[in-house]
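In the two complexes that follow, chain A is the common piece, with chain B as its partner first and chain C second.
Coming up: the complex of A and B.
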């Protein structure tokens, strides 16, 4: 039983104009969220319309599966993406994902959705070349669906509860998968306690999206030194509410990964090298406020060519991993 | 879905954005004379000394009745319930600020 208010239009263009005029879009056209499509999305995920996915207490907002499904349809998702969207919404609404702060902040933090497990192949989540960019329907629409939920349901609307000075193009959509098959490492979700065959999403709110690029490094230590020097330029900040659970995510491309693979370095070896250095903040350097080595989340993605690792530097939030059911 | 030949679609929001009827903004006072000022700092940068300096500046211009100083315990979340209680029960005007 759907609860949302219904609106009738003479034709599709009228719907587009009305949804835009009401401020219900991200500025791009949307797919009409008809009751039949929304019900099909809910069925695909085994969700009841009224099932609560999470809340934003400071905004007195309760987000239901129906809300998520309506916005997933609008984003252009296929119905088989709906379980991923629902898990992403749950992750973003975890208390320590800090929705109110991360979507209202002046700094315009964006939400990244990282997908692990078999679902990546099933719905064709791009994990390799160009995976951060356009051209992949699942990546583009799942990230967009989360952002539409944040806008339409969680009320993060520019000049209302979204107070960003500049905001970010990453807020249109940012979703990719870990290249588990192309990596010698344990996947991120397995490191976080899930079985390899359990699909998951990890959602993190990020303040900076920075490339640690180094074409000259030829050893694991040299690559990590470049990563650390880049990270130091921005710092990682935390506060009492987040405690020691803050995360930073390193997305290692294949040109950097091979130096670790050749030397047999695991993700834990990388953390073991970085951790003592992270804890020594020199004069004039920005702190990296992680409570524990595991706060560094390491993923593999991207295509060959550029010798770089991307740093997803957080706003004030934990990265939350949720199973996809 | 077409109903009577029309395209029917669903509202994607959690409801209208209007303020709740039982909570409205208090109107701005005509003057700060006699007001108790809540100074709510979020803990970033120089926000707290900035608010202290602002209060000092105001004191030189009008007769203030006192200050309620609140420093949030965490940057990224609202004040604690006890702080809200102090603000709403003791202050008549609040100034919030941040610093970077």
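Coming up: the complex of A and C.
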């Protein structure tokens, strides 16, 4: 039984105009969230309309499965994406994902949804070439669905609770999968305690989206030194609320990964090299405030060509991994 | 803003100091919290809100803001 108020339109164009006028979109057209579609999305995920996915207590907001399904339809998702959307909403609304701060901040932090496990193949989540950008329906619409929930339900609206000075194009949508098959490493979700065949999403905030690019490095150490030097330019900040749980995410492309693979370096080996260096903040350097080596999340993604690792440097939040049911 | 409102709910007189850069979200937060008329002190430039201020700038700001905080708490 759906609870949302109903609006009737004579024509699809009238719906688009009315939704835009009411501020229910990100500025792009949306798919009409008809009751039949919303119910189909809920059924696809085995969710009841009133099931609570999470809350933003400071905003007096409770997010239900119906809210998520409506926005997933509007974002252009297929119904089989709904379990991923629901898990992403749950992850984002975890207390330590810090929705209130990361969606209202002056710095305009974005959210990334990283997908692991078999669901990537089932719904065709792009993990390799061009996976950060447009052209992949699952990536584009799952990321957009989370952002529409943040806007339409969590009230992060410019000039209302979103006070970003510039905001970010990443806020339209940002979702990709870990290239588990193209990597010798343990996938991120396995490192975080899930079985390899358990699909998951990991949601994190991004204050800075930065490429650590190095065409000359030929060893694991040299690549990591470039990553660390790039990270130092921005720093990673934490606070008492987040404690030791702050995360930063490194997305390693194949041209950098080859050097780790050739030398047999695991993700833990990478952390082992970086961690002592991270502890020593030199004069004039920005701190990297991670409470533990595992605060560095490492994923493999992207296509061949550019010798780079992307750094997803957070606003104040933990990266939260949720199982997809 | 929400911190001040929740402290008030706990019976602790409070005053929120809000920079003009976030005035809109402060008013939105008061509205969402059910106290749309909750008063607060608005501070403005000359200093960038997220900058690290010099000692002299801090003293200038304190001289301007402190009397307003006192008035708000004792009104």
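Assume the second predicted complex is superposed on the first by the 325 of 325 C-alpha atoms of A that agree within 3 Å, B and C clash if a C-alpha of one lies under 4 Å from a C-alpha of the other, contacts with A are read in each partner's own complex, and residues count from 1 in each chain.
In the analysis below, a residue touches a chain if its C-beta (ideal position, glycine included) is under 8 Å from a C-beta of that chain, and two chains touch if they have at least 3 such contacts.
As the structure is a prediction and not an experimental result, all values here were calculated from the model.
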{"item": "Three-chain arrangement built on chain A, chain B and chain C clash or fit", "value": "clash"}
{"item": "Which superposed partner A:58 touches (first chain B, second chain C, both, neither)", "value": "both"}
{"item": "First (chain B), second (chain C), both or neither touched by A:160", "value": "both"}
{"item": "Touched partner set for A:119, first chain B, second chain C, both or neither", "value": "neither"}
{"item": "Chain B versus chain C as contact partner of A:289, first or second or both or neither", "value": "neither"}
{"item": "Partner chain(s) touched by A:2 [first = chain B, second = chain C, both, neither]", "value": "first"}
{"item": "Dominant toucher of chain A (residue count), chain B or chain C", "value": "B"}
{"item": "Touched partner set for A:231, first chain B, second chain C, both or neither", "value": "neither"}
{"item": "Chain A residues contacted in one complex by chain B, in the other by chain C", "value": "58, 60, 100, 155, 160"}
{"item": "Residues on chain A engaged by chain C in the complex (per definition of touch)", "value": "58-60, 100, 104, 106, 155, 159-163, 165"}
{"item": "Chain B-touching residues of chain A, taken from the complex the two chains share", "value": "2, 4-12, 14-15, 19, 24, 32-38, 58, 60-63, 67, 70-71, 74, 98, 100-102, 148, 152-155, 157, 160, 239-242, 315-317"}
{"item": "Sites on chain B touched by chain A in the complex", "value": "1, 3-4, 6-14, 17, 20, 43, 73-78"}
{"item": "Contact footprint of chain A on chain C as seen in their complex", "value": "2, 21-22, 24-25, 28-29, 32-34, 49-50"}
